[in-house]
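Each structure below is given as structure tokens.
Both complexes shown next keep chain A, but they swap its partner, so chain B is in the first and chain C is in the second.
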Partner chain A sequence: MISMAAIRNEFLEELWLPLIIEGGIQFYPALRKNKKMKTLVFTDESLYQEIITIINARITNEDNVFAWTDTLFKTSRLQTYRPVKVVGSSRFEDSAQENIITLSSNFPFDILSIDFSCQNVQDEPQRLEKELDCIEQIIKVQREKISIGGFVLFYTTFLGSHPLSSNEIKQSSDSIRIENWNGLSTNILPNNAISDDDKMKVIECTIFQFAQKHRLTVNLKKRVSNFNPNNKKLYSIGGIFKVV
Partner chain B sequence: MSGQQIGSGKLLMTVSSEIVKYFSIGLYQNFARAVKELISNSYDAKATEVRIRLDLLSGRIIVRDNGIGMDLKDLGERFLAIGAPTSLTEDVDELGRKRIGTFGIGSVAVFPYCEKVIVLTKKRYSNQNIQLDIDSSRFFKGGTFQLGVVEKAEFPYTITKSDLPDEQGETIIILEEIKPHILNELRETKKPIAASINELSGYEKFKWTLCQYCPLQYPSEYIELAKYLEYKNRVPLRVWLDGIELFRNVPDNSRILDKGEKQFGSIKIKYVIMSPYGVVRPEEAKGLQIRLRDVAIGLPSDFEITKLTGKVPGKLNYLCGEIHILEGLSNALMIDRDSFSFTQEVAELQGFFRKKLNEWNTILENQSKHDKDLYEGFQFTENGDKILTELMNADIIKLPRGRLRISKRRISRSKRRIGESPSPISRITDVLSKEKGISVKTSKIGNVDLKSPIEISEDKKNITIYENHPAFIEKVAVLGKEFPVDYSRWSIRTTPSICKLVDGKAIFNLSHPLFHSELSERVVKELSLGLLLILEDEQNSIKLLERIEKILVDIFIDRDGS
Partner chain C sequence: MPRFTVKGLGTETKSIYQHQLTWGRNNWHESLTQHATEIEQLMNKLSTLEIWNSKLQSSPAAKELIPEIWMDNYVSITLACIGLYKHATMSLRSSLETGLRLVYFFQHPIEYSWWKKGSRFGQDRERHDVWGPSYEYFGLLFSEFENECIKDGKDLFKQQKCLPTLYNSLSGSIHTQAKRLQTTSGYSPKYNRAKFCEWKEFFFITNTYLNIILTLGFPNQFKNLLASDKSKIIDIGIGDYYNDKVKKILRE
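What follows is the complex of A and B.
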């Protein structure tokens, strides 16, 4: 049986790390080595592979890693394992707005790995909609704090068994008002995406529009695991978001 | 669901009134020693790893282990049962360890240093996490343990589903709101290497204390030490502080001088005496560290084998080591775990090691004297440094040059007074053969370009010195010319009185007072030879030379000739 750790490692090698390295080249071209890219990472792995990998690749250092875990147990494990800053010990999506305020002094980040699969995911209705709302709020704060350059962002989650409603996403997104933005376009999307393919299509299209809404460009790349234990097919999408 | 509460309640703390009096007088001398108690708990809980994080920014310290963890029963009956003693039996657990905690005070040791203690734990083969919150500050008011408060103390706990595999256990102790004076001390920056731990930065002092007390691994470079003192079939405990693994304190470059096993009545011990061939730093590491079940009992100075206060005689400053109690003494351990009750057997043990250290003091004193002779013997020899390095690598010279007061003179005053030959070869031969027990052979070789002027046999017991090697031929350079040097003695009333030229060799008169003056030997030689060369071709130069030599004597030698 393939472990989640193995799947995440594969994502790290094939999606996250190449994009992070590319982002580093684009945003810090003068620094060939020892980049200190400020990184926000949602993590829970026992060995924190993603953190160690990017530190070892000299993309960042311990001082510039801000980790989010969902329990005090995980926070303590990570803090005793590597002296990184752990900025939260609760499920981020449960009170996204509050958590973003908690994090506000640390924004903007160069790398954001918003990995909800680390957050005790429950296969419950409206979960993906809630997560996408978090993603937009994070993109919004990021964009408010930068005027040039950009950042690398990944959204990782389990696709789950419940349908994904594009109308729900539109409702939440449209409540975040931006000048000259006419609202999220959902015409071409299925309202209730049930299949994994449809859900991925909705997510990709939504994140692309979030970027447009907040005056960013992005070329999105994605990975999905073949392994599907208990409706937990892991999906990750991300890209280099650049200020228009 | 992980993270979601599935139970809650309160646990009662029980305290033995016997134990309370010790808290009121301050059980632990410092914060690090209290944290060490948490590590001892981890060791007894069959942990193989302990990771510590000093988060000074947040004023929080986290100690996490991968031991068996605790359930509610363990928390109530052991963790919160303060002063419920457990006898130190000889039982060995599945990791090959004997229990090291005995007085049931481990957890409470940290109470005086923080406002709150959070215990997070999961017992092996359970799927539940327990979080216990202890408001520790209320137990200590003005440094005194508040018994009245403790008798009624109840602490809330919550239970959640664990995210760890069932077979894994875990205990995390979080000390929240560390007292400001502790934080200030830990933040204090000072020099990284110091004569005493009190001169170290707070962080380094904390680290040093843990490395001294805890049953850690020896640094990998001390293979012999680790192998000799290892506890067979015991699974070791590894400890990390802020992501960096800690190892047992061993003063840099220490080498084993003596080791063995010994019995004093019911006490059986194993010991190692070491020396870094320099002063042991920090001074708290001087002497012998007693270890019971691999845990330090006090500091070396606490055991009173060597009195290290004030001026320590001779090379006792160079000695360190460990005494591991293999059998006995468990019941003589005092509650502060820093000393034993003073029994006849303990007195015998102390007496034995006092004698041992005094013997080694004498050996090291002699060793340093002989090494000094070798340094002085080779210091003016061509490639002398290379030869000395070879002798050091062969372990014939033990002390580093910097530790010895090497005379800058080729021929020391004392040697000349007793009329010893100034030849470096004869001095080196004397030291090596008489003092170091090495068989020395002097030989002449045809090929003087031989790489090394000495050859050391593989067993390091035989040395051949090639006396005609250019390295041993002393030369003096004057007016662009080099002259081989030799020494002799003649009356200073004879002119020239300091130096003469015979067959192209410069012969110097060791009886001349200028060689006994504070004047540099090189200056005397170059000046006297230079003058001799200038005047050599002149008519009536002898009279002139006599007068110049007299002026030199007048200038550099006291009127009374001293």
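What follows is the complex of A and C.
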């Protein structure tokens, strides 16, 4: 059985790191090394390989890494072993609005790895819808704090066994009003996505539209991998979001 | 920044450092050899606090006090495992006290701001805390639950006073009652099965009561939890004796 750490390493090597490096070149072309890109990482105290890798690649340094973990146990251990700033110790989507307020003084970030798979994910109905709502709220705050350039953002999660409702996503998203935006278009998407392929299609289309809504362009890239024999799939999608 | 070396320490400082590392390590090993499974169970029980921590982030009181409750319990495990049973129990009383205050302050943000500024609000000469004499506040707030327990011959606040009994028992360590003396068996703390088991029971009950108080204190937040989180609080956090009563009160 392939381990979670091995999958995340694969994602890191093949998706996250190349996009982060590319983002660094585009947003900080004058700095060849030691870019010190401000980074928000949802991490697990035993799986913080992504933090070590991007620090070793001289994309950022410990002073510019802000970690979010889902428990007080993990925070305590992370603070013991890695001298990074831990900005949150709760399951993010449980109190998304309050958590974004908590983080607000730290925005904007250059890199955001919003990895819900680190958060002791429970396979419950409406989980993906809630996570996507968090993603939009984060993109919204990012966009409010920048007028030029952009950022690199990844969304990582388990696809899970429950259907994904594009109507639910639309309802949450449309409650976040933006001038000249007529609402999320879900016409071409299955309302209740059941298969993993359909879920991935809905997620990709949704994030693409979040970017458009908040006046950003993005070319999304993704990876998916089977986690265990129960066919639990870990999915990551991300890209370089640029201000229009 | 200066680097730490043992060599550079003064004689007495070096001695206390090495001495404490030695008995600390030995007692950890002995405690885990005898009780590793139980420690795992207690850690699991403590992890129910994480659910409350995630759910109650909108309250400034919860945001600050839940990590403190967690840390008191976490440190209590450490202290018990290195053989400091009196101190481990002191830490449990601190966690219980903070948990009780949390339920009150959640509903009373103005009083919370006074308390944060150092006011000894609510602590009158009879040493009652914000919950009033005989846990009056909780007795009234959770009267339906209390009546359910009384029907069953056991209660939390009023007649047999399970919670006050626990609180007073834990206080025995804070006020160093004779049976809680740390140094009776020597000056180098040692693993002691009876004392470990007594502490383990205190830990278990303290965390059971904390979960009852939080569940009854935040019923709407409890109802909005994920099904798996509710089950964890009911089955592991509260456990066998009180879980049916809590479910009945919350219509779960």
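The rule is short, and it goes like this: the second predicted complex is superposed on the first by the 236 of 244 C-alpha atoms of A that agree within 3 Å, B and C clash if a C-alpha of one lies under 4 Å from a C-alpha of the other, contacts with A are read in each partner's own complex, and residues count from 1 in each chain.
Here is the rule we use: a residue touches a chain if its C-beta (ideal position, glycine included) is under 8 Å from a C-beta of that chain, and two chains touch if they have at least 3 such contacts.
Every value quoted in this text rests on a predicted model; they were computed, and no experiment measured them.
> Overlaying the two complexes on chain A, which is it for chain B and chain C: clash or fit?
Chain B and chain C clash in the superposed model.
> Touching A:Asp44, do we find chain B (first), chain C (second), both, or neither?
The answer is first: A:Asp44 touches chain B but not chain C.
> Which partner does A:Arg77 contact after superposing on A: first (chain B), second (chain C), both, neither?
In the superposition, A:Arg77 touches chain B alone.
> I'd like to know which partner A:Asp63 touches here: chain B for first, chain C for second, both or neither.
Neither partner.
> Mind working out whether A:Glu144 is in touch with chain B, chain C, both or neither, as first, second, both or neither?
Once the two structures are laid over each other on A, A:Glu144 reaches no partner at all.
> Quick one: classify A:Glu13 as touching chain B (first), chain C (second), both or neither.
Neither chain B nor chain C is touched by A:Glu13.
> Would you check which partner chain A:Arg91 touches, where first means chain B only, second means chain C only, and both and neither mean what they say?
Both chain B and chain C are touched by A:Arg91.
> For A:Glu124, is the partner it touches chain B (first), chain C (second), both, or none of the two (neither)?
In the superposition, A:Glu124 touches chain C alone.
> Looking only at the overlay on chain A, choose which of 114-122, 150-158 or 186-194 in chain C hits chain B.
In the superposition, chain B collides with chain C along 186-194.
> Do chain B and chain C land on any of the same chain A residues, and which?
Residues common to the chain A contacts of chain C and of chain B are 70-73, 76, 91, 122, listed in rising order.
> Can you list the chain A residues touching chain C in their complex?
The touching residues are 70-73, 76, 89-91, 94-95, 97-99, 102, 122, 124.
> Which stretch or stretches of chain B touch chain A in the complex?
My answer: residues 1-4, 51-53, 55, 62-64, 118, 120, 122, 129, 131, 160, 162-163, 170, 172, 174, 240, 242-243.
> So in the complex, the part of chain C that touches chain A is made up of which residues?
Checking each residue of chain C against chain A gives 47, 49-50, 53-58, 66-67, 70-71, 74, 226-229.
> Can you list the chain A residues touching chain B in their complex?
Residues 44, 62, 70-74, 76-77, 79-83, 91, 120, 122 of chain A touch chain B in their complex.
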